[in-house]
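Take a look at the structures below.
Consider the two complexes below, in which chain A is the common component and chain B and chain C are the respective partners.
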Partner chain A sequence: MFEIEIFTKEGFKDSRGEHVLSEISGLEIKEITKVDYAPVYIIDADINKTEAKTIASELLIDKITEKFEISSNSGSRKSKNSVIEVLYKKGVTDTVSESVIKAIKDLGITKEVKVKAGHKYYLHGNISKTALDKIAIKLLANTLVQEYKIK
Partner chain B sequence: MKATTNCKTIEILNLSDKQLTNLSARNVLSLSLVEMKAVQDYFRKLNRNPTDVEIETIAQTWSEHCKHKTLTGIIKYTEKKGTKKTKRTYNNLLKETVFKATVELNKKWCLSVFKDNAGIIEFDAKNGVAFKVETHNHPSALEPYGGSATGIGGVIRDILGVGLGAKPLANTDVFCFGNPETKDSQVPEGMHHPKRIAKGVVSGVRDYGNRMGIPTVNGAVYFDEGYMANPLVYCGTMGIIPKSKINKKVNSGDLILVVGGRTGRDGIHGATFSSMHLGKESDVSAVQIGNPIVEKKVLDTMLKARDLNLYRAVTDCGAGGLSSAIGELGEKTGALVYLDAVPLKYDGLVPWEIWISEAQERMVFAVPPKNKKRIVELFNKGNVEAVFVGEFTKDKKLTLKYDGDIVASMDMFFLHEGIPKPIRPAVYKIKEENVQKPIKMNSASLLKALKDALADLNVCSKEWIIRQYDHEVQGQTIVKPLQGNSIEVSGPGDAAVIFPYTVVKGTKKGIVLSNGLNPQYGKINTYKMAANAIEESLRNAVAVGANIEKMSVLDNFCWGNPNKPEILGSLVRAANACYDMSKAFGIPFISGKDSLHNEYSIDGEKYSIPPALLISAMGVIENAVNTVTMPLKNEGNKIFVLGITRNELGCSVLAKIKNVKGGVVPEVYPKESKEIMKRIYKAINSKLVESCHDCSEGGLAVAISEMAFAGDKGVKIDIDVIKTKGELTVAEILFSESNGRFVVEVNPENKFKFKDIFKDCIFAEIGCVREDKNVAFESVKNKVEVKEKSENLLNAWRNTITW
Partner chain C sequence: MKKVKALILKTAGINCDYETQTAFELCGAAADVVHVNSLVEKKDKIFEYDILAFPGGFSYGDDIASGKILANEIKNKLGDKVKKFSLSGKPVIGICNGFQVLVKMGLLPDPELFEQISTLSYNDSDKFECRWTYLKTEKKVRNESSCIWTKNLPDVITLPVAHGEGKFISVNDKLLEELNKNNQIVFRYSTKDGKIPKYPLTPNGSVEQIAGICNTKGNVFGLMPHPERHVLALQHPAREGFDGEHGWGKIIFQNAVDFVK
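After this line comes the complex of A and B, so read on.
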């Protein structure tokens, strides 16, 4: 199992992060000073790290504006900021994952692959668990079809 | 008939009335007691209990969504005006109003009306043009992004599924949302904030429409508190179809081919669910997620298969899934389906789930056996999954098999005609309307009112939304949604014009799309609301150059709970307006859709939405070059107002801003309006019109300001020469929302020719375009001068929605 996170490179605009930040201030939560957004892909397959790297660099990132990080089990990346991770619930059609699975096959990796696509938001600033829940429920996740984790 | 581990028998033969009602509620069937009893009777005759597959099939087929049972049912209507009461019984409201007008008008150029997935009118000698507008309200309330995306995906499939398939050329979208400034604490628990819904809905339409490569060219957004928990999402698609491909025919022996997406648990009970009101406990499986890439591939390959004549009929899987699609195609023949042959997204679906799932991006074809191999090869070449799941029979029965066992066997006649007609009472009390006390305002407060009107949520720029959509793709949009000299300076176009030169080689013709909607008027009088919507849609189209003699309209009713007599009564009134206006303007309805039960509950209290009738208009014009836009063009040109201004400020923008009580909701005068509309077409085609704008919300003041700032020009208007009915104050003249009016810019050289065309119509020359970039309204008589830089008015209009 590999978790691939995609970050915006220094010097480029993380517009989704900025957008979320402005929406958080709309919720009258003032403590957050910055939001980093990272799409995340959890790849469940019998592949090695080199293959995971190929998938990340050839498929998932825009090499000019983005970089990736791979961890071999979910959630190992240390962060001093609060993190909200949003994923689709089981059974909900996840078209991004379907496309990634197909593209991995097209890369020549023929092993059986399962993919979950999600979103991670790194929130800078000191903030209570209640406020994090509020941000997650009101802005980031539609709990009808998605679930979120606060890390 | 066999019950297997995957298919249960449902005890119904010996149930009491109460137990039948409970069964309907428990299994989310949304069938009334009368309907449940009809089901019980049918199976008593067969002397057996139904299977779950059969019960679910009946529930889908008889759902409000598929059968429109309220509008086609019996309605006992009472109308009260003062102390006078009139009564009338409708055996089928749709047939006796909307549809009746079309039949009576009997236009030869209407090629397919009210029978297929979309309405089709003639484009030229070889082609027709199809138009359909759908609603996707409930799913969008729960999951705005997925809900609206599948809304647009669904209506595109309606166009693919009309006749043997039309090629989509343009999308439209119209939304009603709650007030985006609502305080967070006022949003009921379990519901999304109106702004979140608005953003989600817009991005859903954007992502699906843009990825399909279909331009989104026309739309509207309406904000009202009444739509907070129940937004309205209307999605439309227009497409072009060869006349030879308009009819479908299913023969016994044809094979059933399912094409496109796989079947999963998505959207189970969508059709029956849309007949229920929204509450906190609404269910996850009602939500569908769209995949535009799959649909795009289906689109591209199926049009190839169409042109190779590889199939005899096609329809899309919408509400009710395979159950509705195969049920409709096989209505006259019968069908045998092997449910275990349907390709699934994942294991674990039981037969009834496969049969009624509303998984997206699926189409069903009737294929003659000789083309079996070729059609599958063609789809596979386009990376589209295509699987045969059964055949059309000649026994006029629906038979479903799973793992070799028969799990359903019913007569098509019972399924499609066995539904008992409900009888519903309806009442409507016509409210008395009186002219408000004269509204007197000085120059400063008039200017403030003008800026407030421009900034009003229902008038202001929707640029934030429009610019997210691709309205250029396919390269055929020649009149665009935002019009002006640059990206920074633009105004709201009245209608879109598509010039389909890539599909119809060598054509000069164009297709005009517009809409009309104003739920505000419906709060006083739904008859007037409907009449206004119809006229507004026509006026918008005529303003860019449409020919009023060759236009058609679609109706989309979104109403509250029809079990409440007052609500159903207001619907009857609106339907009557549709008949009257359609006849008076000579404009046929060609297709429509209703979404009833738009009701939601907060803390146990039930609320119905403000009724909304969207009218979408489509017209064909001879020469796409002869169209005009709304920005003012040149200094020195003359400004005319066509039509008469009446004291009609009921539910107007000014009434809202100034909190004016009373007032008369604008009346429609079809004879007057149509005469003007005819002549505008003549004037535009004689190249006498430089710019033209429809006058609606916010009246003349708003319309003229928009023309000025869109063109980055100044304008000077003499209020005293504007033609009015009776004595009106300056504020009333500037802000009245009377119908039948256009503001037109004319080159002084053409002035006399222009006036000649409009002789015996009511019109006036009221001012001219000026270099100074000031918008000025003057009345010497009343010592009023309202003057402001057009740039400042532009900013007032632009800065409301900047999310």
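After this line comes the complex of A and C, so read on.
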């Protein structure tokens, strides 16, 4: 299993991160100074790291503005910041994942692949668990169909 | 005289195919909407056509990034055919999502290189921007661009935009210099009198207000605004256009049809 996170390269605008930061200030939470947004794709398949890198570099990133990080066995990269991860709940149709599976086949990788697509938000600043829950529930996750984890 | 034939490529999520077809038909062409799977089954069918169009929409739900999945699909399954078609000098257009596809598969700005060297990224506002915009036509200003699609246009025209990822970014400053030097930047967002605009008239934060580019030969053209949504003056809220009946977009499609004739 590989977890692939997509980050905005240095020098390019992370519009989603900036937008979330602006919305957090609207919740009157002042402790957060920056938000980095990273789409995340969890690939469950009998593929090696080279194939995972191909999927990331050829399909999941925009070569001009984005870079990727891969971790195996669902171990996320370590961060000193608070991280909120949002994924669909089990049983909810994940249309992005279905598109990614189709696109992986288009790359010529024909093995059976399962994908979960989600979002990670890296929040810079000291903040309480209560405030993180508030941000997740009010802004980042539709808890009817999505679940969130605070890391 | 043989009728000019345009191929309008569609797939799941494309929603401007019929408007694009109508635009070409209005200009005297015979236009077929063809699903990408049909073309993959009969790849050489592409060469039965004189014009290739990648219409707007939300291919594959804009999943991963706008145009990305369709760009990969076309490059992997039809890449050599699409490249050959483009290098033959026949007109190719990508509108909005189609422009994103052309840029992300690398057919623009250099179909010979056929590698992604620029992108259309998220709007600075992080929102879907939908409005009428003014476009400065570089062709008219310098009268040097070889773009076959943008001849006979006035200094400034209006066309509508509707996109979430339209911010043009080049891989480096050198490419941007080359695009400028070769007059490949054919449309820039502008004010009504052709000056540099501010948001919301520049809807996405594009580098140098770029709204549309072509290859050096001038036959492959991509733009974020929708010319097919302004082929009739009636489509404009104030009924603007030319000759009292048609919109500026018609000139763009007519240029390609006349070029083939």
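By our rule, the second predicted complex is superposed on the first by the 149 of 151 C-alpha atoms of A that agree within 3 Å, B and C clash if a C-alpha of one lies under 4 Å from a C-alpha of the other, contacts with A are read in each partner's own complex, and residues count from 1 in each chain.
The definition used in the following text is that a residue touches a chain if its C-beta (ideal position, glycine included) is under 8 Å from a C-beta of that chain, and two chains touch if they have at least 3 such contacts.
Fair warning: this is a prediction, and the values are worked out from it, not measured in the lab.
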item: Partner chain in contact with A:T93 - chain B first, chain C second, else both or neither; value: first
item: Larger contact residue set on chain A - chain B or chain C; value: C
item: Partner chain in contact with A:T33 - chain B first, chain C second, else both or neither; value: neither
item: Touching partner for A:V145 - first (chain B), second (chain C), both, neither; value: first
item: Touched partner set for A:S72, first chain B, second chain C, both or neither; value: neither
item: Residues of chain A at both interfaces, chain B in one complex, chain C in the other; value: 95, 99
item: Of all residues in chain B, those that touch chain A in their complex; value: 142-146, 184, 192-193, 196, 200, 264-266, 282, 284, 287-291, 293, 345-346, 359-360
item: Complex interface listing, chain A residues touching chain B; value: 27-28, 89, 91-95, 98-99, 138-139, 142, 144-145
item: Of all residues in chain A, those that touch chain C in their complex; value: 12-13, 15-16, 18-19, 39, 58-60, 62-65, 95-96, 99-100, 102-103, 106-108, 117
item: Residue ranges of chain C in contact with chain A within the complex; value: 60-61, 63-65, 68-69, 72-73, 76-77, 104, 116-119, 121-126, 169-171, 205
